[in-house]
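Here subunit A shows up in two complexes: once beside subunit B, once beside subunit C.
And then the complex of A and B:
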């Protein structure tokens, strides 16, 4: 075997392994897609991946919903997730700028407090938060999601952005100051464009976590007309009722499409952002 | 033995009374329904429940009809999944933001009442008309009766049931319609394995073995519930616990049930997903009356019957008991209790509502509703039989510690270790009794 042929064989083998691993990783989604065309009997009683017939009835019935159509749930999800993501990025990058570039009294203590809140599990803060939001009359609205995002209550993203910002040379800031820029202009025109990978990565994480979040949406939202997709997907699941799983899986598949599209569209920034923010600093 | 004979006699008497459409036990007056007057101010009530699509459609239809009859009262429906429902409700009750009318799991309600007895208003004090309900069924803690006050209304009759594939049972030579003991189940399990090595007698997972086998076996063995709640002590001894776990070990070792490793994939209320159940490889399964239809629809084309429930020789208590699938309570933060009472009356006592709601919350709790559902053809005979059978036993209601999530988890863990053969019943019993004793402190 020549060296060229050997190289080609290695390449083919590598691709085969990659394809096999990729297929295993994607199999749940592929299974979910085909199961969306099946009846309960087919889903649980047969191991065949492909359905006996390809009817889109489950998608149509699922989308129309029992009372409220899924279009409403998707609109609600967009109303909740998009502003929350935007507010998070704006507020967290500002706070990160403060910690990364300025000296002020109590900086170390404040940073330690900030990082310590990272360790607080959601289940510990949910009751005091709920009580507080109740007093503010914010329940059954999206304010419990917007306001913490506006006030930079996400220490994970702040930490991530601080780490990234520490990797950006201070010389850039100083040159800008010499050219007459103020502190905000340095942030806006010099640092922010360079932080694009980290901002994209933080935005993607926040988008995914808020989109998939079930518990917080469940606790803070009461009206079904304000439900998000994650709440809607569980609406028809009940031990005492016959669940038409084809319908549920059809909507579950539709629900993951935005995440898949977003991930592939922003894959470059996603990986870059995580890698650079984690290693530098 | 005398006590047991007396119990059996009582059970038989009740069975005789209950059979034939509950004609005596659930005696109800055949009076015309008179809609309650409401002259109060305009009110908006929040009503929360969980459930599937059928329950949703039926409940929304009743709400729509109610709002047409009572334009001054508006009902805001807050429905959702059972997943996280009670976590949210606990938060709401603690913060005073609970809905006005709340569907509650009867086994979770004692925890709420113990936390704050004033979370819910009394239906009795607000003049709710209970004439359609049977007092013997209604006035029990599991059905919403606490300290002499009805804090909740049971939405139906639930309880344990044995769902039997009658043709298969007959073919193998097993009779679930006669009285039988726990030991018979072991023997029949062997028969089934001899008949077909791919089949098992009983479709059950660790949660179902805990709920249906352990708790009822223990009550029949002890004559009491696991805890003496009033005196704050554990009733069950290590020896009794070991006996219960010995029996559960025998279920696994004699292949009465599928191996623990197999059923682990279908734990909780997921037995209907077991491919062997779907393909008719089990003779019977324990189920709740309210979940029987789910199990039946997963394995179609079978003649289903409600089988009798096993009884220990020399049992000190009947063990099996009927309860309800849900309770509807009115929260004490409700600003217009009068309007809530009018809605509750419309929901439970109006014949049109009874017909619309049908069996979406199990077999209806009132005789009148059952009659209406029978006429409509919405109440299946097998469900009614199952309700009759468990109602007739009249065993002790599980105490609040035993039925709590923690209590169930301790017992289920013990069953799992015995099922997998990791612990002997003796070791598991010592550990479980110690953990259960800690729970009450």
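And then the complex of A and C:
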């Protein structure tokens, strides 16, 4: 075999391996989509991927299968996730600006605290937070999600935005100051537009994490009419003695669609956000 | 040499920083430091949410480690879970990142596809999917049957159930992989060229160039993944609910049960502090050892 042919064969084999692994990884998701059309008999004990008929009955039954329809759960989820994401971005970018562009007394120690809170696990603060919210009568509302976002309790995003801001030339600020701009105007009109990619990627991750969150919603929200999609899914699992899995999977699939759509619409920001997030850590 | 003591003078403008970091400062004190300290305090008390906490010294911890078999089980299960998922995920992510790190056409598409499972994180939808697929008569066993392998009781066998839960976690190696790929791209090619001239082979290059260059990112990932793994909750709760025979009863489940089903806040706080102590020990050990294996090109001066 010539060297060239050998190289080509190598390349073809590489692609085969890559796509085989990719296929195995994505198979569960593909299977979930088709299983959403199946009956229990078809889901269990069969290996065929395709359902016998493409009937949307599972989706209709699942959608209306709990006390209130899924449309309400989706509205609730939007009411929880979207403001939380927006608040996070606004507060974290302001705090990042404070850290990245000013030399203030106590900065080193505060920055060290910021970094150490990166490793502060949620479990260790959740009980006092719960009792605190209980005292404020915030339980069973979305305030336990909004308030930490407003108060920039997400050191990960602050850190990421600081890193990004440090990459922007300081001359921009200085020349704006000479032109008589105040600090807020520098932030708002000069830095913020340049930070769009970083803000966008932080927003995507906060959206994804809040959307997927189950533990916190479980603890803070208890009336069904305020349930998010995550909690509703749990409900549909416990609702009946004989679980109609097609229905459950249909709703599980509907629940992951927003993430998939968002991912494909904005994959550049996802992948770049991930790639840059820990590099200089 | 005359050493001038540097006195930093702050400009008037610099004090405005406090306005910008004010939300974070308030959040730090009210929603992070206060809960952090009070959960330590609660852990030494008997505290039902309806009444005031009553000091009872180290009683909670004594009960946890001597009388509460369920807790000791959960501690052990959590450690096993972390020992399987963190290295499993990182090794897989690194291996595939290294494999993908060359001039391949369509690398962006491949990266995207591999990342998809990570999108779903700890989502309940995917945990439900895992539950259906790994049931005794589920599709996984059906597939094994088709190639002549006898089915395994993925969720029912205490020896296997934890592995099934771990597999869900390891499946989501994509985000670490993307980070590693980005780090690999930053390794200066001049290093490889120099090594080639010295006659180093592929494996030598990997061990002496690639690995040292990307240790900071491996280190960062290891710590973050460990913190997450020790707190895991959703998958064990949804897929097996801690069973069979407590084989997947992680500490997150135990804490939830004591704190939010029985409202024994003091006892649950003690559990959360054991969890935190574990995280602290692991992090410190990693940091301690890091000086011998993590390579920083520049000390990030801030």
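Following the convention adopted for this analysis, the second predicted complex is superposed on the first by the 243 of 281 C-alpha atoms of A that agree within 3 Å, B and C clash if a C-alpha of one lies under 4 Å from a C-alpha of the other, contacts with A are read in each partner's own complex, and residues count from 1 in each chain.
Basically, a contact is a pair of C-beta atoms (placed from the backbone, for glycine too) under 8 Å apart; a residue touches a chain by one contact, two chains touch by 3 or more.
Every value quoted in this text rests on a predicted model; they were computed, and no experiment measured them.
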**Study point:** Three-chain arrangement built on subunit A, subunit B and subunit C clash or fit
**Key:** clash
Point to revise | Partner chain in contact with A:214 - subunit B first, subunit C second, else both or neither | key: both
Exercise for review: Could you say whether A:134 touches subunit B, subunit C, both of them, or neither, answering first, second, both or neither?
Suggested key: both
Check your understanding: When the two structures are overlaid on chain A, which partner does A:86 contact: first (subunit B), second (subunit C), both, or neither?
Key -> neither
Point to revise | Of subunit C and subunit B, partner touching more subunit A residues | key: C
Point to revise | Which superposed partner A:41 touches (first subunit B, second subunit C, both, neither) | key: first
Exercise for review: Would you sort A:235 into first (subunit B), second (subunit C), both or neither based on which partner it touches?
Suggested key: first
Check your understanding: Which partner does A:126 contact after superposing on A: first (subunit B), second (subunit C), both, neither?
Key -> both
Practice item. For A:256, select first, second, both or neither according to whether it touches subunit B, subunit C, the two together, or no partner. Key: second
Review point. Where does A:31 make contact in the superposed view: on subunit B (first), on subunit C (second), on both, or on neither?
Key: second
Check your understanding: Given the touch rule stated above, what does A:78 touch, subunit B (first), subunit C (second), both, or neither?
Key -> neither
Review point. Now that the structures are stacked on chain A, which of 151-159, 169-177 or 277-285 shows subunit C clashing with subunit B?
Key: 151-159
Check your understanding: Hey, what residues of subunit A end up touching subunit B and subunit C alike?
Key -> 44-45, 126-127, 130-131, 134, 214-215, 218-219, 234, 237
Study note, to complete from the structure: In the complex, subunit B touches subunit A at residues 46, 48, 50-57, 60, 76-84, 87-88, 91, 94-97, 99, 268-269, 272-275, 278-279, 288, 290-291, 293-294, 297-298, 300, 325, 361-362
Point to revise | Complex contacts: residues of subunit C adjacent to subunit A | key: 8, 10-11, 13-21, 23-28, 30-32, 34-36, 38-39, 42, 49, 96, 99-100, 104, 108, 110-117, 119-126, 128-130, 132-133, 135, 137-139, 142-143, 146, 171, 175, 178-179, 181-183, 186, 216-217, 219-221, 223-224, 227, 230-231, 233-234, 238, 252, 255-256, 259-260, 265, 268-269, 272-273, 275-276, 279, 283, 300, 302
Review point. Given the complex with subunit C, which residues does subunit A contribute to the contact?
Key: 14-15, 17-18, 21-22, 25-26, 28-29, 31-32, 35, 43-47, 91, 94-95, 97-99, 101-105, 107-108, 110-111, 113-114, 117, 119-132, 134, 147-148, 150-153, 158, 177, 183, 187, 208-209, 211-215, 218-219, 230, 233-234, 237, 245, 248-249, 252-253, 255-256, 259-260, 263, 267, 270-271, 274-281
Exercise for review: Within their complex, state which residues of subunit A touch subunit B.
Suggested key: 40-41, 44-45, 66-67, 126-127, 130-131, 134, 139, 214-215, 218-219, 222-224, 231, 234-244
